[in-house]
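Okay, so chain A shows up in both of these, paired with chain B first and chain C after.
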Partner chain A sequence: MARGAAVSLAVARIGAALLAVACAVPATLAYAQSSTTRVIPLDQLKSGLAYTGEDVRALQADDFANPGMLWVERGEKIWNTPAGADGKSCASCHGDAKSSMKGVAARYPAIDAKSKQLLNIEARINASRSGDQKAPAFAPESEDMLAITAYVNMQSRGVPVGVSIDGAAREHFERGRAFYYTRRGQMNMSCATCHEQNFGKRLFAETISQGQPNDFPIYRLEWQTMGSLHRRLRACLYGVRAELLPVGSPELLDVELFLAWRAQGLKGEAPAVRR
Partner chain B sequence: MADARIQIAPQVKRGDSFEVKIAIRHAMETGYRVDDVGKPIKRNVIRALVCKYNGTEALRVDMSSGFAANPLLQFWLVAGNSGEISFEWDDDAGTRYAERAAVTVAG
Partner chain C sequence: MAPRPFSRLHRTACARPAFARLLATLALAALPAHADLLPAQISADSVPRPLTATPGDAAHGRALLLARENANCILCHAIPEARFSGNLAPPLDGVGARLSAAQLRLRVADNRQVHPSTIMPSYFRSEGLTGVAAQYRGKTVLTAQEVEDVVAYLQTLK
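Here is the complex of A and B:
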């Protein structure tokens, strides 16, 4: 009897030891310490601009040569053009975007007060468009959607990114963070594999950036056109041969919130030029 | 809607050369690409772009598939009289475009 008890106690001890090891492993990763632990310290954040070349930096800095400005100009026209059943334009309610939209994009994604949903700037614009203007919503990645976001986001040029992850946003943040650190696809890589563990190093001819979202929508030379953050994320998913999530999907929206939190303090650059 | 942007100095001096810049929003589809299901994408590039200074042809550009999307052209003209600089171009899709900008010559 006594012997049997000793054996089962020993088994229990081994079990407890294994359990302790199992718990200790994830705890050693920076990821598991706390969900708001910053892997890249705030003072070491770098915009994607730092990883481009001299030519790309010059193209972005020149407000005439920057091809993104063609979309900005189109966006300005959309802003001032009445649309929908009530014949209202964006300007009818918001006035001059240069003042009313200053810093707005830097706060998104955010929980919408009316719908209680997490909305990025694209979804927020479409909410106004279909709800207030009673006009058809812009299709994702359409020229008009890229133009109006380029125009609105440009008003946050130089404004530091700062999103809230409090309240209802917290669960989106946690999901986005879990997505960011989860290995996926045939290449079995997470976002962090490149953008936190290997930024600054070469991937073929390119320099890996920190994957910061402060510059969207971007004119990407590879695309020869403008694209949103979600299009860029899809390009990464394609690169690691993972499931391509649709633009505007809840998963990408959650990652967008995590990325914006991660980029806190980086200044807005839209419309940026990237390779 | 906002198919092009033109930049000219606000005022130029007679006899001086001045820079004209035009950026055009155009996909410049080469005709060599295929879509997601393998169907060829029809070529659609700007065919010819003509710039006129007060009605006189100043520049003609024959574009082709080799041009990048959203082309930017920069060139110099000699200032004559005040008036306008006009651009006209068409593409393979048959769309015609026109943009103009005023030029003010002093002296």
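Here is the complex of A and C:
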């Protein structure tokens, strides 16, 4: 009797445990499937360059013709110029960018060990600038900011994009992903509407790419200047008549992390040229 | 001839034009700027009654389809006379033969009601949208009269 009761209690316990597992497992599976399933498989990723014209490709390929190289040159000067209270340059701490900055941009956005914040490369540069160099931060989208990021990002040419979405980065990734798939604006389109469902097709005269972030900043002929990824995202938001989020805003940072995760393995190509 | 936003008042009063105009003026003052289709206007996959008392102007409708602002239909659709267009959507030649004015009206005004997951924007809908820029919030892309103009043009594509 007593034994039977114990057994049935045990069975009930196992049953409850199974029930709990049964409830938890589908939830976790659904979560895993919905949040890290890749809509574009890794072996089908293509950088934006693949969707531009031959003229643009030629311009980007030639470092003497690529207008983005003017920003790279300016960035190299900034790298080597002492600034701030202690008169230090980027080079004072990091030496030759060609080795010290190789592959760095490919890991961003990333959680900063000190501040525990998600930083993209622009924000990381500014953290060094005001924290270590004690010089005024570069203004978002300023010529100097575009120049230094062009210089730093160029050192990751050929390095595959690979960001972490573990730990504290995870919630940013989830928010970025949710943003990416939410239809917004008066035109009611999501990023995925164009860049996952319709890449390769034409929106009037423009061929839609997969919307990859691996080659920013870009020199855009339409802008006649250099622009950051966030500037490009604002152009997409403007197109669908959605609220324009500021360059460097938390929402755009989260999307940037999602885009970088989505671009895993694509090689760095900065500075890029676009129509 | 200023395009008037559609309103419930306006529609029920359409039978008596002078009175309708008076009521429409009152409605303009009294109602918010948005003007979406009411469920009662939709029948199966169509909106049988015109949204305004003024018949659509096909020439103006054509200009709207080609305009780089607002409607900008050729962003996605090819139309016979446009030298250039996008190809995200099926070409519109022959659409006036395939679909009636009533069917075209619902597709232009709110294609979601025909194809719930369509990528085509709803041109006469201001609600059920997320993150709309302040200057467009509560407004439709096209006015009721512009929808009629576009429908009139589409009917010529036979």
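By our rule, the second predicted complex is superposed on the first by the 242 of 275 C-alpha atoms of A that agree within 3 Å, B and C clash if a C-alpha of one lies under 4 Å from a C-alpha of the other, contacts with A are read in each partner's own complex, and residues count from 1 in each chain.
Please note the rule applied: a contact is a pair of C-beta atoms (placed from the backbone, for glycine too) under 8 Å apart; a residue touches a chain by one contact, two chains touch by 3 or more.
Since we're looking at a predicted model, the values are computed, not measured.
K.L.:
Mind working out whether A:M69 is in touch with chain B, chain C, both or neither, as first, second, both or neither?
P.N.:
Once the two structures are laid over each other on A, A:M69 reaches chain B alone.
K.L.:
For A:E222, decide between first (touching chain B), second (touching chain C), both and neither.
P.N.:
neither
K.L.:
Could you say whether A:K77 touches chain B, chain C, both of them, or neither, answering first, second, both or neither?
P.N.:
first
K.L.:
Counting residues of chain A in contact, which comes out ahead: chain B or chain C?
P.N.:
Touching more of chain A: C.
K.L.:
Taking the superposition as given, does A:M189 touch the first partner, chain B, the second, chain C, both, or neither?
P.N.:
Touch partner of A:M189: chain C, not chain B.
K.L.:
Considering only touches as defined above, state whether A:R241 meets chain B (first), chain C (second), both or neither.
P.N.:
In the superposed model, A:R241 contacts chain C only, not chain B.
K.L.:
Where on chain A do chain B and chain C both make contact?
P.N.:
Touching chain B in the first complex and chain C in the second, no residue of chain A appears in both lists.
K.L.:
In their complex, what parts of chain A are in touch with chain B?
P.N.:
Where chain A meets chain B, its residues are 64-65, 67, 69-71, 73-74, 76-78, 147, 224-225.
K.L.:
Can you list the chain A residues touching chain C in their complex?
P.N.:
So the residues of chain A in touch with chain C come to 182-189, 193, 197-198, 201-205, 208, 238, 241-244.
K.L.:
Within the complex, which stretch of chain C touches chain A?
P.N.:
72, 74-76, 84-88, 119, 121-122, 126, 129-134, 136, 139, 141
K.L.:
Which residues of chain B touch chain A in the complex?
P.N.:
1-2, 4-5, 7, 21, 23-25, 27-28, 68-70, 72
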